[in-house]
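Same chain, two partners: subunit A is paired with subunit B first, then with subunit C.
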Partner chain A sequence: MAEPALNEKIQEFEGKQQWWWAAEVKRSKRLDYLRKAVWRKGSTGGAPISPIKLDLEPALRRIELYKQFKQEPLPLRMAKIHSAMWGSDLIYIVDQSQIVGSKTPSPSTEEWYGSGGIGNAAVYNYPEILPEPLEESLKVVHDVGQFWDQEGEAMEKLISGGDPEDMAKYQSGAIAWGSLIGGYSGKNYEYFMTGKRAFEDIIEEIEENIAKAEEKTQGVSGPDILPLYNKILNWEAMKLSLEAGIRWARRYARLARIIAENFETDPKRKEELLRVSETCERVPAKPPRNLQESLQYDHFIQVLARKEQVEGAWPARPDYYHGPYYNKDVNIEKNITKEEALDLIGEFLIRAYDMPVVLAMGKWVREGLQGIAGTWVWTLGGVKQDGSDACNDMTIALMQAARLVRTPNPTFAFRWHPKVKDEVMREIFECIRHGLGYPAMRNDPILIANAMHWHRHPIEEARTWVHQACMSPCPTTKHGTQPYRMASATANCAKIIEYALWNGYDQVVNMQMGPKTGDAREFTEFEQLFQAWVKQMEWLFSLLTRTVNYARYVQSDVVPRPFLSGISQRAVDSGLDIMRPDGERGNAWITAFTWVENPDSLTAIKKVVFDDKKYTMAQLMDALEANWDGYEEMRLDFVNAPKWGNDDDYADDMMLRCLRESARFSRELKDPSGNSWPILPENVSGNIHYSSIVRSLPNGRRQGDALYDGGISPGPGLDKKGPTAVLKSCGKIDHIVDGRAFLLNQRLSPTQLQGEKGYQLWRAYMKTWADLGLDHVQFNMVSDETLRAAQKDPEKYSEVIVRVAGYSAHFVDISRKTQDNIIQRTIQGIG
Partner chain B sequence: MKCTECGHEASPDKFRYLYNARIDASVSMRQCPNCMEVLAVDELKREALKKVGLGDAPWGKSAGIEGLAEDAVQTT
Partner chain C sequence: MTLCIECQSFFPIEDEPGRGDCVKKCVDARQTYYSSRIVSQDNDADRCDSFQKKIIPKEALH
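For the complex of A and B:
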């Protein structure tokens, strides 16, 4: 199509706010091809989004290698298994790509490594993900499961070593979300991503450490040399893993060269393939020299870390670490044009989008992370360690590339501070206006102070922070990085109020879960109920943090991580597996799903039962027992009680009281490093996953209704006083000492926020947000009409993106209930 | 309660409760045990209102400045 005609098309689509069609026309042919070549990952809450199949062969190979290396000490066994697998895993190069490396054996399959015990439940429950013929696949799954049952799978070892009651309650599915192995990895980027060192340099450091240690172990005997034997094993395992990583990358170099020299006929593409080959020959062995090498280096490391073990998040700061190479290539040496850089950066985003996690995982992931493979929240902006603005041209290029490729993952979160330039804010607004649902906005000064308060990070280290998962800041330094944080310190907090009402008994799973805090029917004062709530809160948080502490403590004895250790300075220096908490400052937090139901329910009871005396507690309990069925008038009385998010102190004070009780108790709970466990209200799509697991509540919901969409967001439609009231309510929270961080979803009008006027309105809103000291806000800007049309005709609207909670997803890739929940979020007029 | 699609009559609790996306409205979605259609139900009047298809909005449109904040059934 000729350029004027193209521009006309773009204007037509943008005029109708059909950003996804405009992007398709605007982006390069290469990006368009690469974007469409991705098989969508994740599930819609049940079935996988794409007809991707599992490749069962890695599970069989893993068993053979396990038998081969069984006599090796555990760290070496892990390293040798990975080394052999990475040496023989299938690899491929997508046509037209310039960045290579995949965790999967092919674009339409995902590898399966197998498990014992209940670990294979998801595979049996969703047979559509198994390759044909089904009978043969099921036999493989059965045989693999039998093998690991006999050998003792890591998860089973972990569970059997923990407190039996804790483990039973944790595994019930009622109160916790997440796995005891697997979670969110932090990365020590300050060690390996600054251009000062790469794998060969680290291998040299390791070899020096081994040599020094062996001098002692071969010298005079004494108790001080005893720990060195294990350290030498760990160092050798790290070295093997890094060497295996280099060899794996060079397989791509060889493949690219083979294609270029033997199969590619287009001279331009041949040149690109030879450049890919040169890049993969260099990184990750040696430090990158240009933008392509820098992005490739980063991508290789992310893939290798995930080949070693499941990682459910993706902490990253791509503008900070790749910005210098962008500046060199585009601005200083002019090796590539801005458009060529955009192609590379767009592809970098697509490669991340293509990363799988979810397919063989259980219901809690499929429902809790609908539409995505994991929460890849990349951190942009912020400040440098000296406090100066860290934004650069790469910050802007990433946002421009995001608008072109429109991947829901990775999603961005921007570290706002008072010195961010207007140019950058405009780019942010464009992304939001184009309906990406990101960047989320983070208040950098508040969160730096928060990190220093809760985890005692020095200010220079706190300033390096990235999102460890959706929300929680984590430094990227030697002692500040938390290399792993199990998802399992994730609480279904609506159970707190439920158990306070039902004397600790859970009628959904039919177990006495929490402590017996009294028969709520007999409560005569509100304080009796509130104290019951406090006790249930303390019990829940204690159980979850005990479980995670224990899992973290034993992880390195059960499933060490030699590769992750090899890229972590603390491990390389100490010779300890990086999962050991020694020397780590800790970055623990309790993710508080379904939090606002607590203050809203408590407020409703206080108002309707104890202040207005309209009903008794016994009458309320009868109505809750009936799931409000036949009690609709009464239910509406409880719904119409004051609700959070309306700048009403009656309701807001209850929120503050609940948060501050939790903050008080957080300081008593300690992580393996001795630091506190602050709470962090947010949800992913856990509000849908738990909708049938949480009983009816006094805020007016029935069992089956979606819970609120998370964090400190008011319930859908329950914020009736406008956006300023929402901000004012949220501003009453102290975002430094009342918890770790607080997610706020807001929905804005695409009609109202058009043009320059729209931008200025948004800037004014953000000023209020910053002045009130909130730490987070994220936006949906898509109309009801579009979303309803997408429900009717999903194929025509397959590219519409929405902000679900701590992540974005394609609207058509999430369940109907989740879709309806998002549509009912109040659209705030901010003019 | 009577299903608007197949005419099946039963007490409301026999129609499987699905969900209510707006807890401040008295309209929920239930499923007819006979024809399995999804129905919008007025929980105050205990009356099935209509079938809910893809993209239908038993709760009316979102509150806020988009202009239409009416629920399908007015609450008292």
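For the complex of A and C:
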């Protein structure tokens, strides 16, 4: 508890809604030190942040190991390379730290592994991320690139194996966002995180499977033993990876002990370091026994998985899996105090915030995920497998810790259901009121039903769901976990209406992209345009899902994941690499960037051209061709046409029609498991990335203007009828069968929502939201005044956080265009 | 030739004979941290900037 003088200071900051300064005073000295120790790992706007530098040594080491193990079968080669790297890389422990393990060789560097082809473009374009002397670094980058060009880099192998036309269009940069390798990872938490088993137990299971298989391969010959040879290789690779993981963790155990015994003079810190050492000796080899071991176990697994391959998501359910240890340590055995637990939990968040991904990746990643290193959306709340409330004291502690450390990443999303207690709702509201932009609110009953509808997950499994990337619920069970959904099924949907108008031709990339659906100047009825839109939608969704299906199908032959397989029950039981879809129910979704531009554009054309007959299609096409330049009066007619989000059936019916056409078609599209590809409208910051790539549109937008902020959120400033009208529009969508999930951004007034009255207003708003059956809503609650001040004086406001899309970021780390786009969003007065 | 085993930063690994952790205290603009890399005890340390001769306690010399 803070001293009276500090309490006064805290009250002063909180009175001015300067939550970030208040948090600095409130948090422990340890958390303050560790939080400020982090070098931000996301990008600023679209550019890498200085002074983070790449460490090029891993790239050279990987080549050396690749040559050494080249003759090994692929899964073993991968396992041996990783095992050797984990045994030789530089590790470190930050002073004051109690949870250890990092992907990077130092706090201010990031590992670089290098690639061939165009994979090194970011490194060449941003030489400031290379270590000095620059000339030597550039030579290393060149030599590494040349090596992988000659050997055949994995990405190139994937692309060259797919349909050439598909791959050219996918890679054009116009329609898809994301890569064929990696993407949004998933984890089978129900296998390794329930306290029943850890790495040594899994190794035992694997050894038994190998022994049984070898008994057969040494027995009577027959076709049934033929698949076993490869399975044995996979099992051996899994075992090697898990053993390497245990050894890597024990390096931290040794380091902590060496520091304690040789460097540290403070007896209290010595004791802590010895506890860290004991913890790392224990996990991940054996199941955790207390909160610190549980958090450490989870963190080690996350780091190791990301050292094996890039993971752009971080599905997690920390209150559910760590809650029992919190309860044991804090409530039952009283081994640690609540404050000590908050220190551990706060650091657990900081360690995730410290995880790098984007520095050496393409511009599309950095622009699409401005300010963050990846979409670390952690799931809280929800129900247990028996349907009872899963919230616990850890749920509350996580939200309290989040307000103390104020990391934009990880961000939380809360599975709301009718049995959630008021004390939990108050904690959620406090996080939102403190301007974190999270937790996002998810409607648990709706999303459980949705998971059962689209992917046929049984109810007990659907209830285990976590966020895979920003929005998509994915179970954590053997058959329910989807290990990856490659990001490339991320559609720049504004291109659908653009191609419907331009006969499938893309003038930005100068390619015939979509099918020829007719010259829009000749359309005499709205239905002709709508059917052209349907054909373009079908073409776009087919192409992108083909690329992901193909990548999923072949990935285990190109880049298997022995470590991820080793922590996945399906792979351990079957002997197949986890990237193989066999035995998986699938959990695919099409991420629909820039979606609402479609219904709003179609509505405007229907109203202005075909109903009111104020202009012809030819006149509209002339205006669009001119990017509305010289057609301002006409543009305003299209801007002022009915728009989504005002509870106006004229506009809302178009949204429903577009969604239902997509839902119909997504049932025809199948993933490698045979299940559907429902759409999920959301944007991250793709609305800015694509602003210059999408041509002018009939909703009145000019090329270069920011696109809408995404999901089913109305266009900024176009929702003129208040928050209830927005909710009512969104409530017309069936959030179970019309798609996978629907992101809704809302801005609320921090002044209006002060105090108890503010909380009650928000509760009433949330009741309407739940009654209308929406699956998602998230809030920005930072005033225009603060945001404009932050634009003028970014250093003073460097800790202000905003909700961008499915994630939060520091306001100063996003581009000016994105900042303006957030300020333009309507502040809704509720009540 | 100076060897890693002669350095103050070298800490032998119990179950890996001939190898040790090279542990260094580092400071950057934001924090203090300790880093570790596994090295062979017979590595040439002549060109290592951080080499510091291990001080052998008097009692060990007798």
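One rule holds for everything that comes next: the second predicted complex is superposed on the first by the 828 of 831 C-alpha atoms of A that agree within 3 Å, B and C clash if a C-alpha of one lies under 4 Å from a C-alpha of the other, contacts with A are read in each partner's own complex, and residues count from 1 in each chain.
In the analysis below, a residue touches a chain if its C-beta (ideal position, glycine included) is under 8 Å from a C-beta of that chain, and two chains touch if they have at least 3 such contacts.
Here the structure is a predicted model, which means the values were calculated and not measured.
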Per-residue contact with subunit A, leading partner among subunit C and subunit B
B
State whether A:Arg251 touches subunit B only (first), subunit C only (second), both chains, or neither.
second
May I ask you to decide whether A:Met452 touches subunit B, subunit C, both, or neither, giving the answer as first, second, both or neither?
neither
When the two structures are overlaid on chain A, which partner does A:Ile10 contact: first (subunit B), second (subunit C), both, or neither?
neither
Answer with first, second, both or neither: which of subunit B and subunit C does A:Asp705 touch in the superposed model?
first
Should A:Met511 be classified as contacting the first partner (subunit B), the second (subunit C), both, or neither?
neither
Does the superposition put A:Leu274 against subunit B (first), subunit C (second), both, or neither?
neither
Look at A:Ala121 in the shared chain and tell me whether it touches subunit B only, subunit C only, both, or neither; answer first, second, both or neither.
neither
Shared contact residues on subunit A, subunit B side and subunit C side combined as an intersection?
none
Using the touch rule from the top, collect the residues of subunit B that touch subunit A in their complex.
12-13, 17-26, 28, 43-44, 53-57, 59, 61-66, 75-76
Contact footprint of subunit A on subunit C as seen in their complex:
11, 13, 21, 23, 25-26, 28, 30-38
Listed in rising order, subunit A residues that touch subunit B in their complex are 627, 629-630, 632-633, 635-636, 639-640, 691, 699-702, 704-706, 715-718, 720, 747, 749, 751-752, 783-784, 788-793, 817, 820-821, 823-829
Contacting residues of subunit A [partner subunit C, same complex]:
33, 36-39, 87-95, 105-108, 251, 254-255, 258-259, 262-263
